[in-house]
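Here the chain labels run A, B, C and D in written order, and each chain numbers its own residues starting at 1.
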């Protein structure tokens, strides 16, 4: 049976502009999670839970780390949590990135945009345990927002792109695609306009994308988060996704 | 101009069953308060402020002490406050017990019921600075709810009454009136049925009562807390009261 | 403690059921607890054909509430009967089918289809969905239309019919009396209030459908008022809903005039909402000196 | 930044005013700040004779809202004109008088009385108070009655008339169009939604009047929806209200179709609510790329 977890806050840290890293203790969730899955967090005073991707887990420690951007009341309240407090969470929810079809010795392109980068990092860590070559393209609004560059550099050939050129390459993530070379498959998470550009640019490549939508239940019951599919049907982002084959869905 | 105060919580202590004493730091309020006045407290997550009487002040320390019973969501949330946090308060609100007409060498009867006792204690402290003989009758539901008995005993001849007889005299506060002797004036605060009994029993004596009503604004603007008066008019409990002459209002 | 309630066509072990549309067809929540614990299950709305519903975003958060404009997405009554009802029938609980439509014919079609199954115990006639443009809403705001569709569905089906009322009306008692007259076995109330939220950066409605239905604790005082009002004027039982999230809320609905209740939005905050409420109900009733759910229902007569 | 708005009969330095009944006659809040900072002040309802209102309790708290059933307690229009208006007239702000009544004659009497003063700038015609039993509410839910009282008050007074609409109706746009046709200079919306809360130990309504009017953030999505809907169908200006407590709320109301706003329940939580909102408004407008209040009003045309 699925549970509702009380996760203990171990640390809360601002690691870039408006960007908070929170480490939580919950061994069960830590064991079960695969990259791309999310927690559905209850923030007191708000009706709906907040979906936040899992950015990394440490199964030994029994910890789960999330990263979030302060955009509204819910994330603002979360950012004010103190170590020792607990967060009420459902999860791990959804279907993450399947990496069964990534072959040993292959080359994988990872594309993350802004707050879509945490699940991509989680995936990179997992892929780095396989014998796979990783190339990461990370897009941010501007220099102040950059995070996890060093962490990525340890495991991947990393390109940082900022919209305003204040750090790394200037422009959109797609602008550095000519430089990244050949790859077998790509994985991407980020804002919808970025995902649209990425899937269009890479339409001849095999790829998986992680999507967002406003959620009600977060568990597949309310039909708030549906997405049309190419076969004239639909998928639920919270339970069929958030990760989908780029070929399967209509963005 | 009136202000909205941030009052710092110094201590929170359960001093009897469901009864919490909270000490707050706010020198300005501490200086201004007279017995019978109240604070109007904002509790995050609740629409309306909670009126809570001031139980004592220490002008030297700049502190204000309140006492409250946990009855619903607001008082429950307040009871969970930790030292160091701040409470948003309006006040001191209302008109307290006027003691100008209490003459030196006189004898005063104080009658408090349950959570109506704190403002009576504040008054007793202030009266004890005058050369006045004090008799206090304190009513509680049962033994577990008794508080401030020792504090009263230091300054007043004190009778404790419990409804179920589990401590002190058994019955209602009015039951010990035959024992208290003559007095010049009485002051009372407590639940409405008690005040009705007290004012009826003591209808030939001069007295002042402190009243409660559900409040909207707490400052006299919304007309939520009106009370009919004997002259066919009305008074607002939050701003004309909460203390009224027993002869003036209709309970 | 005895939590049982008897309603036309339904004997419920407790008065708690998930509200239509907030629990799908039970599958997802069956991963959290045993659905046999529920008094009944109200299924997501069924229409004649599959519906894909409205574009997204379909939900938005509001103070103590939420807006939704799902648009009755469902696989169509036939697939519901084939795939969902049999799975739910394995649980020891009652099944209520929510019947929706945009024409009289569609309502009749759906009601007939459920009538053919053995596992559906009652119909909840949804004449009040605010998120369907083709006219679904009119049935819920015009007493004559409401009467017509109620009578037609009663004729099309042998199952007891609970008509789900819309709160977006000037006179709720008039609506209730109309459907009672038309033969409704019970009422279900309230559906959502029509609301809107704007997206400040664009100044446009946040929900793709523009308006959405407001649910959650924010609307509870309106639900209580409407149930109280209707209870004075009609005698058929009422399944009450609108912002219930605690056992105390359930008691308030029962005192106001409901005979059973449904829990909607609260499931999203707490997937265990229904069972947590069922667990807390006995001590809540004891606290307020009631001996059973039936006791609350009987004693309110004296109160009103 | 320029926060000015021009409405019939009113030039407001900013679009913020306290809502009727939530600010008395300004006296109490003048002890917190200088009332000259307000765009305008809407006074507590005035009736022909003094009214003592309903028995207490008159208020109850709800999730993100409150219920009230004050029952239009006020000293009567003559004493308001004698004692309250002159005091308010000393501030550099506009005065709007809220006109209430339980008969056509009473509305006319009150409107005429205010017409004799020099210091009242506009009338808010309260046809929507849900807490008066004698029929006040009927004017607010029947379009023909609303038309009648609007026309009568227009004739009785030279002041611009803003008709305050009740949200307790099936079709708000119909009400708005009716009063526009009858000559209303503007609308004021929304008044409270009728609600109820029970006192669990007794099972009886907590508010002595049984029902009360629901206000506060809980009703904001309903207010926004109604204003948006009405804005598509009428052209007279709208004073918007219902759950406003921040400058972002004000922007949402302006985007939805309001031309100015009133702040009610928020004053009780924060006596500085109006001035805090006025202070925050410029930066909020800048954040969402507007250059003035007028800019929001003009640009929504393109959006709607």
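We adopt the following convention: a contact is a pair of C-beta atoms (placed from the backbone, for glycine too) under 8 Å apart; a residue touches a chain by one contact, two chains touch by 3 or more.
Quantities reported herein were computed from a predicted structural model and do not represent experimental measurements.
**Student:** Note the connected groups of chains, using the touch definition above, after excluding subunit A.
**Tutor:** one piece
**Student:** Per the contact rule at the top, check every chain pair and give me the one with the most C-beta pairs in contact.
**Tutor:** C-D
**Student:** Could you put a whole-Å number on the gap between the CA centroids of subunit B and subunit C?
**Tutor:** Result: the chain centres lie 47 Å from each other.
**Student:** Rounded to a whole Å, what is the gap between the Cα centroids of subunit C and subunit D?
**Tutor:** 34
**Student:** So, what's the distance in Å between the C-alpha centres of subunit C and subunit A?
**Tutor:** 36
**Student:** Can you list the residues of subunit D that touch 2 or more other chains?
**Tutor:** Residues 62, 64-65, 216-217 of subunit D each touch two or more of the other chains.
**Student:** Chains as vertices, touching pairs as edges: which of line, ring, star, complete or other describes this one?
**Tutor:** ring
**Student:** Report the complete set of touching chain pairs.
**Tutor:** All chain pairs meeting the touch criterion are A-B, A-C, B-D, C-D.
**Student:** Under the stated contact criterion, what part of subunit C meets subunit D in this complex?
**Tutor:** Answer in residue numbers: 62-65, 67, 141, 168-170, 193-198, 200-205, 210-212, 214, 216-222, 224-225, 228, 243, 248, 251-252, 255-256, 288, 296, 299-300, 303.
**Student:** Please output the residues of subunit D touching subunit B within their complex, sorted ascending.
**Tutor:** Touch residues, subunit D against subunit B: 21-24, 27-29, 31-33, 44, 52-53, 56-62, 64-66, 68, 70, 73, 216-217, 265, 267-272.
**Student:** Which stretch or stretches of subunit A touch subunit B in the complex?
**Tutor:** 44-45
**Student:** Can you tell me which positions in subunit B touch subunit D when the two form their complex?
**Tutor:** Residue positions touching the partner: 1-4, 42, 46-49, 90, 213-228, 234, 239.
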